[in-house]
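Listed after this line are the structures, all set down as C-alpha cells.
One chain, subunit A, links the two complexes that follow: it is found with subunit B in the first and with subunit C in the second.
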Partner chain A sequence: MKMKKMFLKPSTLVFLLFALVLSIVIPRVSQGYSMMVMNNALIFCVATFGVSVMLGLGGQLSFATVSFMGVGAYSMANFCSGRHGFKLEPMPALLITIVIATIISFLLGLVLMVLRNTYFTFASIALVQVTWSFYINYKPLFGGPDGISGVSNFRIFGWTPANYNEWFYVLVVVLVIVSLLVERIRRTQLGRSLSAIRDNEIAARTLGINVYMTKVIGFTIAGVLAALAGSLYAMHGQFVSGDMFTFERSTTYIIMAMLGGVNNTFGVIVGSILVTMLPEWLRFMQRYLQLIYGIGVILLMVFMPMGLSGLASSLSKSVKRRLKKAKKGGAVS
Partner chain B sequence: MNPILRLEKVSKSFGGVVAAKDVTFSVMSGTIHGLIGPNGAGKSTLMDLISGISEVDSGKVFLNEEEVTKIPPHKRARMGIGRTFQTPRFLQRSNIRDNLLLGTDLADQMGYFFSYFGKKGSDFETEMNMYMEHLNFSLDLESDIGTLTFGQRKQLEVVRALLTHPKVLLVDEPAAGLNNAEIDDIMSLLNYAASELEIGVLLIEHSMDMVMNICEQIVVINFGQVIAEGNPEEISRNEAVIEAYLGREMNA
Partner chain C sequence: MDIGTLVSLAINGLAMGMIYAMIAMGLILLIRAVGVMNFAQGDLLMFGAYIAWWLFVDLELPIYLMIPASLICYAVIAIVFMLTAYWPLRNATYPAATVISTMGAAITLKELATIFWGSYPKMMPAIMKKPNGKAAVIKIGKITLQWQFVLCIIVGIVLIYLVFTLFEKMYVGRIMQAAAQDKYAAELIGIPTILTTAATYIIVVTLCSIAGTMVSPIFTITNTLGTIQLRAFAGVVIGGFGNIKGAIFGSLLVGLIESYSTIQFSQYKDAVVFLTLIVFLLIRPQGIFGEKIAEKG
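Coming up: the complex of A and B.
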C-alpha cells in the first residue's frame, strides 16, 4: 500500500525529466521562426487543456474553444494597443480579461448546457460561426478583417521577454501552472462529478450531482483557459486577427487533445506540440498536407481512440502482463 | 414512530401503460421493506419515482415527512435517498477509488470549491473497510472497475450507496446474477445497514427466499397497483399474491 501512495509514478517521473531536458535544450538550439512555432504550440496547449476538461472529463464535445480564445485575444488587444486612446499594463489587462471571459463563458454555458450532447455540440459550432463573423466584421471592437496590431508585449515586474526564446520560458511556467491546476481538477470532486456525467448521467443524478450546473462549471473552466491562451497569443504575436478563430481552427484543438490522449496531462501537451509542429515538419510535401492530415485523423480514431497516452498505457500493461507470465512460467519449470 | 419514506397515491403512466396507480405505502427506519411483483409490475418505475429520475403524474413522495415530490433527483440524493441499479452503474473509465469516492463526496457535501482547495473529507477507507467486512473479496483501489466481476460490482454498488450516508436506500434486485455465497454476503450487508445504521431499506428482489428471509414488511404490486401488504407470513398466505405471483411461478 505504501508504494501506491508514492507522489509520482515512475512513468510520470520519466516524462517530467524528459520535459525538463527539452525545455532547457529547445531554446538553445532554435530561434526565430521555429521558436515562434514552438511557442504557439505551448499557447494552444493551454486552450487544449480546456478541451481536456470538457471532453475528457465531462464527455461534452465543444467546438467553442476558438470563440473564447477570441474573447481573450481581443480583450487584450483592446486594453493594450492604445486604439481607444488608453493603454493598460499587460498584467492588470490580463486579470480583467480573465474576469470578462469567466462571466461570458458562464453566461453562455447557462444557455448552451440546456442542450444535450450532440445538440450542444452543434450549438457550439454555431457559436463559433457567430463569434467569427463578429470578429472579422465589427470594426470598433475587433478591427475588422485587418485585425488589431500593436498589442503590448507581456510584462511582469518590469521585465519583458525580449525575444521568442525568452517567451518560451514564460510559456513553460504558465503551462506548468495550468497543468497542475487541471490535474487537481481530475483528482477532486469536480473531476469525479464530470466523469460521472460522462459515464453515467443517471448514476450521477442519484449520487447528488447537479448535472446541469456541473457542466456549466466545466464549460466555464474551458472558456477561461481558452481565453488565457488567446491573451497570451495576442501578447506573443502582438497582433490579433479573425482568421485565428475560424471553425477549421477549432477542430485542431480537438485533434490535439485526441492525439495525445484527452484525459492525460502529458498527452495534451504532446498532442498540442505534435499537431502544431507537424505542418512545419511536413512543409516539403505541402500540397498533400491536408490529405495526410485527414487520413491521419481517421487512422487515429480507428486505431488509437485514447490517443498516444492510451497507446502507451496499454503497451505498458501488456508488457507487465508478459513479464508476470514469464515469471510464473519460470517458477513452475 | 414516523416512516422515513412514505408514498401517497403515487401514479405514473407511460403513454397508455399504467406503471403505477395510487401506490401508497411507507418504509420505517432500520427495517428492510420488500417490494415484489411479477416482471413488468412497475417496481423499478417506483424506484425511479422515489429517487426523482422520473416525475410522478400525481401523488406525493415524503422523505422523513417532508414532501420531495417536486425536488430534482440530485437534491433528493443529498437529502438522503440512496439507490442502486439492476445493472450496476459505475464510471467505466475510472478506477475503483474514484468510483467509491463519488459516494463519499455526496456524504461530505463540501462543494467543488472546498474540495478543490484541499478541505479534508471524511475518512473513506475506514468506512469502506467496515462495509467490506461483510463481503468476501478484497479490493485494489487503484485498479479499473472493469477488473471486478459482475457480482462484485453489484455488491460494491451497495457499498458506494452506503458511503453516501443515506436515510433511505433503494436496492434494485441486488441478488440477480450473483452466486449463493455472494447473495449471503449482500444480505448480511443489507441487514447491517438496516439494524446498525438505522437505514430504511426498500428492496426489490425476485429471489423469494431472500425476500421472505430478510424483510420485515413486504408490499406486492401487480400492474402498477398494490395488491397486498404485510409481513412475510401474511404475504405467503395471501391469495391475491399466490394467484398473481407465486402461483404463476409454481405453475411454470
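Coming up: the complex of A and C.
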C-alpha cells in the first residue's frame, strides 16, 4: 500500500496552528513597550533568515548581516526622512531600497566570495567594521553619531499602522512571506546546490554546480533579507543609529539562528523570538541576565548543536521508535 | 609634520602592534593545537587586565607577590576556559559549534567582569611614572616618547621570544607541537594530549592577559576592552593564516597603519585598517608569509 503524500506534515500543522493562536493572542495581551520588543524580534527574524540561508544552507559563516541591515535602514532613512529636501512614499522607497541592497550585496558577493571559508569569515568581519565606522562617523549619508530620526511610518494603500499592535500584523505578514520564500529556496535547485557546497565543495563541483556563482547568489539573498529587515526596523522605530550595526550585534544574529536550528524555518523564528524576548521575560534577574545568556550559548552548543529543532526532531524520532516497538510488542502477544 | 611626531607615532603604532601580536599569537597557537578560532581572545585580555588591576590596585599586593598571583589566576582561568568552551565540544560534528561556544564564552567573561568589578572604568597606574604620579616620558631631542608604549614593545618582544624558544628549542615545546600536528599519532607514542592542550591554553591566556595588563594604563579598563581583538584578527590574516611569524608581522603592520591613519582621518582608522585587510585578502589571500596550515574541508 502506498502512503498518501501529505501536503503538510502533522508537526508543521501543529506549529502553524500554534503560531496562528499566538499571533492572535499576543497583540491582545501586550501593548506598548513589550509589543515593540516583540516586533523587533520579528524584524530580527527576517535578518536571521538570511543567516539561515548563508550558514545553514551554504555553510558559510558570515558576519555581514548587520552591514546589509545598515544599508537597508539608512537607505530608507535617507529617502523617507526628508533630510535631503525630498520625501518619498514608504512603498516606493522600500522597493528602491531592495534594488540598491540587491546591487550592493551582489557586487560585494562577487568580491568576497573569491575567498574560501575562514578567509571569507574574516573578510565579512572586516566589512562589518568598515561599514560600522562609516555609519557612526559619516554625517552626510548616515547622520554621524546622532543617527537619523524622523523616518516616516510604513504606509500601504493609504493605511498606516497606528501603533505597535497594528505593526505586529504587518510584520507577521512579512515574516510569513519571507519564511515561505526561504522554505521554497531550500527546495529549489539553488538551495540544493548550496547544501551540496556546504557538505563537499569538490563533489559539488564535479556535479556541475557553479560553486562561485551559487555562493554569490546565496550571499545576495542573505543581504537582501537583512536589508529588508533593516528598512522595516527604520520605519518601525522611525529612528536609525549606528549602534544597531556593530560586530557584537552580528554575533547575536548567528546565535539566534543556531539556537532555534539553523536549517529549520520554525527554528529560526523561535530562536529570534527567544533571544530578543528573554531579556524582557527575565527582567527580574537583570543583573545576571547576560551571564546566563553567555553560559546558555555554550551549553546549547555542547548539548544541542543543531538547536531546539534538532532536539525536537531527535525527541520525536525516539518517541516514534518507542511507539513502533510498543505496537510490535502488542502484535506478537 | 615633523620628525618627532612621526617617530612617536611609529612607537605608538609598534606598541599597539605588539599587543595585537600577542593576541594573534595566542589565536594561532589555539588554531594549531585544537583547530578552534577563539572569539573570546579579546575578552580574555580584558579579564586579565581586570585581574591585574584587582591584585595590584584593589588588594595592593606588592609587585613580587602580584606577578605570581596573577599567573596562577591566569592558569586557573585557562583551565576553566578549556574545560567549558572547548573540551565538551572537541568531537562536535558541526564545525561552527566550537566557534559559537567561544562567542558564548566571550559574553560570559564580559558579564563576569561586570558583576565582579562593576561597569565603572578602572584606572591602572602607569608602571613608570614621574614623582607627581603622571606617566613618565622619554625625551630624545625633539622626540617625546611615552614610557608605557616603550614598555609594551619590550614586554612584547620578550614574551614572543620566550614562546619561540619554548616551541623551537625546548623538549616540552616539541611535544606540544607534535600533539598539535597529529593528535592521534601523538597519543599512540604516549604523549598526554590533554596536558599539552591545557598547557597551550595556559600559554594563550597568559599572553592575552599580559597584553591586557600592558594596555590598561593606555586605555582605561572597561568591559569593552575586548573589541581590540578584531584588529589582531586583521593582523593574523594579513600576515598569513596559521603562520606565527607572519601574524606578528601583520599585527605590527596593523598597529602602524592604525597609528599613521590618525594623522589624516582619526575617526575612520578602523575603516582604514579593515579596508587594508579586505584589499590584502583579495590580492594575496594566503598572507604575506603564506599559510602553514591548509584549510580543512
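Convention: the second predicted complex is superposed on the first by the 329 of 333 C-alpha atoms of A that agree within 3 Å, B and C clash if a C-alpha of one lies under 4 Å from a C-alpha of the other, contacts with A are read in each partner's own complex, and residues count from 1 in each chain.
Just so it is clear, contacts are C-beta pairs under 8 Å (C-beta built on N, C-alpha and C of every residue); 3 or more make two chains touch, one makes a residue touch a chain.
What you see is a predicted model; the values in this text were computed from it and never measured.
Using the contact criterion defined above for the overlaid structures, shared-chain residue A:189 touches subunit B, although it does not reach subunit C.
Of the two partner chains, neither subunit B nor subunit C is touched by A:269. Within the superposed three-chain model, A:119 lies in touch with subunit C and out of touch with subunit B [touch as defined at top]. In the superposed model, A:51 makes contact with neither subunit B nor subunit C.
By the touch criterion defined above, A:210 reaches subunit B but does not reach subunit C. Contacts of A:71 after superposition on the shared chain: neither subunit B nor subunit C is touched. Residue contacts after overlaying the shared chain place A:94 against neither subunit B nor subunit C.
Note on subunit A: of its two partners subunit C and subunit B, the one contacting more of its residues is C. Overlap of the subunit B and subunit C contact sets on subunit A: empty, with no shared residue.
The residues of subunit A lying in touch with subunit C in their complex are 55, 61, 111, 114-119, 121-123, 125-127, 129-130, 132-134, 137, 201, 247, 251, 254-255, 258, 287-288, 290-291, 293-298, 300-302, 305-306. Chain contact summary for the complex, subunit B toward subunit A: residues 51-53, 72-75, 77-78, 81-83, 85, 89-94, 98, 101-103, 105-106, 109-112, 115-116, 141-142, 160, 164. Those residues of subunit A that touch subunit B in the shared complex are 4, 184-185, 188-190, 192-193, 195-196, 198-200, 202-211, 214, 217, 263. Those residues of subunit C whose C-beta lies close enough to touch subunit A in the complex are 37, 39, 84-85, 88-89, 92-94, 96-101, 103-112, 114-115, 227, 230, 233-234, 236-237, 241, 267-271, 273-275, 277-278, 281-282, 285, 295, 297.
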